[in-house]
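Each remark here refers to the structure printed beneath this line.
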Amino acid sequence: MVLIRDLAIQGAQMLLVLLLAPLFTGFVRKAKARLLRRQGPPLIQPYRDLLRLTRKDVVLAESASWLFRVVPYLVFAATWVAASLVPTFRTGLLFSWSADLIAIIALLGSARFFLALAGLDVGTSFGGIGSSREVMLASLAEPAMIMVVFTLALVAGSTQLSTIAAFMSSSGVGLRASLALALVALIMVAIAENSRIPIDNPATHLELTMVHEAMVLEYSGRHLALIELAASLKLILYVSLIACLFAPWGIASSAAAVPALAVGIGAYVGKLAIGSLLLALFETSIAKMRVFRVPEFLGAALMLGLLATLLLFVSGSF
Amino acid sequence: MTLTIVLVGAAFLLALAPLAVATGGAQASSRLIYGASLIVSAASLVASLAHLLAAAPPETVALPLGIPWLGAHFRLDALSAFFLVVVDLGALGASLFALGYGKHETAPGRVLPFYPAFLAAMTCVVLADDAFTFLLSWEFMSLTSWALVMSHHRVPENVHAGFVYLVMASFGTLCLLLAFGLLAGPDGHYAFAQMRAVHPSAAIGALTLLLALLGAGSKAGIVPLHVWLPLAHPAAPSQVSGLMSGVMTKVAVYGFVRIVFDLAGPPAWWWSVVVLALAGVTTVMGVLYALMQHDLKRLLAYHTVENIGIIFVGLGLALAFRAYSMPFAAALAFTAALLHVFNHSLFKSLLFFGAGAVLTATGERDMEHLGGLIHRMPQTAFVFLVGCAAISALPPLNGFVSEWLTFQAILLSPQLPSWGLKLLVPAVGALLALSAALAAACFVKAYGITFLGRPRTPAAEAATETDSWSLAAMMLLAALCLLAGILPGLFIDALAPVSSVLIGARMPAQSGMQWLSIIPIAASRSSYDGLLVFLFMVASGTLAAATIHRFASNRLRRAPAWDCGYPDSSPATQYSATSFAQPIRRVFGSVVFQARESAGMPPPGNTQPAWLKVELHDPVWDYLYAPLAAGIGGAADRLNRLQFLTIRQFLTLVFGALVILLLVVAVWS
Amino acid sequence: MSQIDFDVAHVLAGSLVLISFLELYQDRLYSLLNVYAAHALVLAASVAWQAFMQDAPHLYVTAMIALVFKAIIIPVALHRMIVKLGIHREIEKVVGVGMAMLAGMGLVALSMVVMLRVTQQAGPLAQEDLAFALSVVLLGLLMMVTRRNAVSQVVGFMSLENGLVLAATGARGMPLVVEISVAFSILIAFIVIGIFLFRIRERFDTVDVQVMDTYRGERR
């Protein structure tokens, strides 16, 4: 009985994340447009885009291989599995012990690995630009993320995300300098990993400013739909991660009854709304960086994460 | 019983060597030699695996060979059994691969005699139980591999590679000789059993650690002693490259573990500082070097340096935990290091075999002349992809498991009381994370430029698939990579006897965990389930594919590439290896390698091509080896004058030496 | 003193270190001045919190001085000076941002080790605050050493001073007299530096110290 209930909640979590991801993207676009005094597309436009793309033919380049066709499904599967393990409205998910925070990051890393390969597959220079810049950014963003994971693991005594979220939502955590540093580093890494301004422009058409868009330039039809959905899932994953770790109010514990779950879902949707507004505000108030300023930005994130870990190694009360 | 089987196998392999010389380089003898090596390695593998899994007590045997009052001692305990499994699995794969690859060998008479001798030598190093046998087998291993490196001796860079290899191998053996001499003491206790019984003093222990690090570390490939590795490994034939990178470096790790964890007694805490510092530098430098290469085999060889760094990080942590009497943490770190030893031998051999297959199919090792091979060599491309994904530590393959265990060991280190370690371990953790991300970048480059895209030269266009023996070897290794990633608990439990013997503790038994997950410390702390992650990914991918194909569209048509509306038909416009690495070269290489780019453009109307020059300086070579070589050359020139003395001056030298010796005798007694 | 008091003090001190790192990262003068203003603001908040925790009203005055002078008056005055002297607004660096950050990390580690060893007998809050304060001092010195622009060196000196004030308040406060004299000496130093900058710029048309080195009369 308990097993069925836990299974249902895990399934509900997976479905919730999948259904809310395009809505979140639509919300961010609408908020950005409004801040720029435009009307902006309707909130459900991303859903319409995805449906339209899935119904179209795939136009495949002549030099593309079987890897090019398999990668969208791989990327979507890896990102969806990772996103379903991040607690949104309840901690203590059924399968949270199968992949901890390090494994979640590695899953996102494997999605990126295959996407970079797909960029090189067709043999054009655009794909090469995207892949080479993407792996350069990843080579700094991933260690910074791992340092943040170390900080959280040392504070909470575990690397499992559900345990960390439960710890952060309990009263034993207090306000810690190392967590403040980790929060700043996590926000910087989240912006870089999701290809938002100031690192990359998700709405660009100029190759001078492309990183992610250049890698997926040759994709069309249902493949492109899956890749866009995976990108939205990744964005909602990072926002949920920041919410469950640093703003855990309202999240239901693993022994909660149905009313607490409803409160949890409501709190989660509210956090997503606030997160999207903050993201839109941030993106419209800052300009995109030159490509070779980004390593300095990510290097600073790595240093902050390393500093937070160092503080915790030196003394447990930091 | 097991020991006898293995020793008989080694003797049989040694006997094959003169047989190969006798039959010359005939095609049939090539099949015979590789087939016989295959069978012997398989038998030896089964025997040592049975010994390891059964956690049987150690077996010893003393043969009346070698020094009269010492003899030759051989011992098979848990550590030897594990490394024997690694050696034999590598030998199995290499022999299977060589059954197909050996057909393309241009100088079989120079390769065939030394190949079984090399395998026999590695087996004997792992089994040796006294210093003399160990050193003899170690030297024999170096010499046979040197002969294999020099097998294509008409290529000048191979000669240079062989020379550097010989110098570094001699240096390594000298350090090990001194280390064993220190451990044997003034009474000459060369047997390992005698060395174990005596705990050396702190000074002797420190010197032994440093000498073992220099000796075994140079063979394993620790920076700055790694310079021979990227020269020698690519020069050898591909099956031997796989053996040298995947197996011989692990035999060097075995030497280090045996001396430092078994013979040198209880460790001091600062030993781990030295090991961790060197290991951290090795990890990052290795992968940065690899990113700058465009020769496929050299890239793989430099990448071996990085993985050796990861192994030594685990060993350093195990030393630290052991010095502070934290046995369970030490068992975790030690098991992580040994698991990485096993994993690396699997995927590095696989990748070298793939490079060998590419070399025979196209005749090219340079990535900038390849491309589009995924269409022409589909099966090789698939197994090479599995190898690349495994080495980049992507779940659900095996590279991720050992990386994850090492991170868990790092997360246990705040309990270490030493200040030096408190500051060093987070830095090493950051370096480890950095090298993991850079390794993924390196293998996107290696796979993408070689196999994907469009062919850059006619040689790449004309490639065909490799033969079935080579494919069978690579598929076997790829299947093992997947297995070790999905069922890591089995492999961790198999390593338990080794850590029980050397550390005195073992990780919790993984076989009873729910859903075949692994729990290294406690369930509340961390756990990982490779099988479940794999099943989830497969299920969600298939679900997505089925849903879309059924309810939306599954039509597809081919067309020229979009390329933003300006498709270029020349394959020269796609990214090359050098251009792919340019962002990373600019960010990291400008600091570490003083990388500078310069371009020359001819004026309009001039039909000369434009050029782009990339300058890289190897800091280890420029600041360590070049001054050293210059100093030795200068000293040798000065000493050369001794050749041209007159007879009277020679007599003066002899007279002076005699007088000094008499003075010493007079003063000392 | 409950846990939350400790934690807020730590967070404020940690933010001061964070802002010092942010100062190292800047390469434009105006943004550097804004970051320095934030530095002084956080210092004022930290001193005010210490005043609240230690129940020492004279520290409120210190906080006010830090807020008014260092967070408002000095940055505005420096801003005006930059405009008036027409100083170019990009900061030349001796070492790149990455190297400076790494060196900063090493300095923070060093100050941790030194402070947590030397002050064994003090309470934990004071110990860790002192460690953060020493980090801020060292980072300010690092800024002075790795920047070529004279204005940025002045800012480095000011953030070093902020670190000293943090250390002093953490060590159970200073008498107000000392604080006032310290504040006035800073003001005098600032005026003197300002006058010097004006004269230097009049004479040499630049405040880049490397150019000025050639006029020192020593051959290198």
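Just a few scattered comments:
Lettered A, B and C in written order, each chain numbered from 1.
Here is the rule we go by: a residue touches a chain if its C-beta (ideal position, glycine included) is under 8 Å from a C-beta of that chain, and two chains touch if they have at least 3 such contacts.
The structure displayed is predicted, hence computed values, not measured ones.
When every chain is reduced to the mean of its C-alpha atoms, the one closest to the centre of the whole protein set is B.
The greatest centre-to-centre distance from chain B, using averaged C-alpha positions, is reached by C.
Measuring from the averaged C-alpha position of chain A to that of chain B gives a distance of 35 Å. Per-chain Cα centroids separate chain B from chain C by 49 Å.
For chain C, residues touching at least two other chains, in rising order: 98, 109, 113.
Shown for chain B are the residues in touch with two or more other chains, namely 423. Looking at chain A, one finds that residues 295, 306, 310, 314 touch two or more other chains. Those residues of chain B lying in contact with chain C across their complex are 419, 423, 591. Per the touch definition, chain C reaches chain A in the complex via residues 3-4, 6-8, 10-11, 13-15, 17-18, 21, 25, 97-98, 101-102, 104-105, 108-109, 112-113, 116, 124, 128, 132.
Those residues of chain A whose C-beta lies close enough to touch chain C in the complex are 174-178, 180-181, 184, 295-296, 299-300, 303-304, 306-307, 310-311, 314-315, 317-318.
Partner chain B is touched in their complex by these residues of chain C: 96, 98-99, 109, 113, 117. In the complex of the two chains, the chain A residues touching chain B come out as 51, 54-67, 73-74, 76-78, 80-81, 95, 97-100, 102-103, 106-107, 109-110, 112-113, 116-117, 119-129, 131-133, 135-136, 138-143, 146-147, 150, 153-154, 157-160, 163, 207, 217-218, 220-222, 225-226, 291-292, 295, 302, 305-306, 309-310, 312-314, 316.
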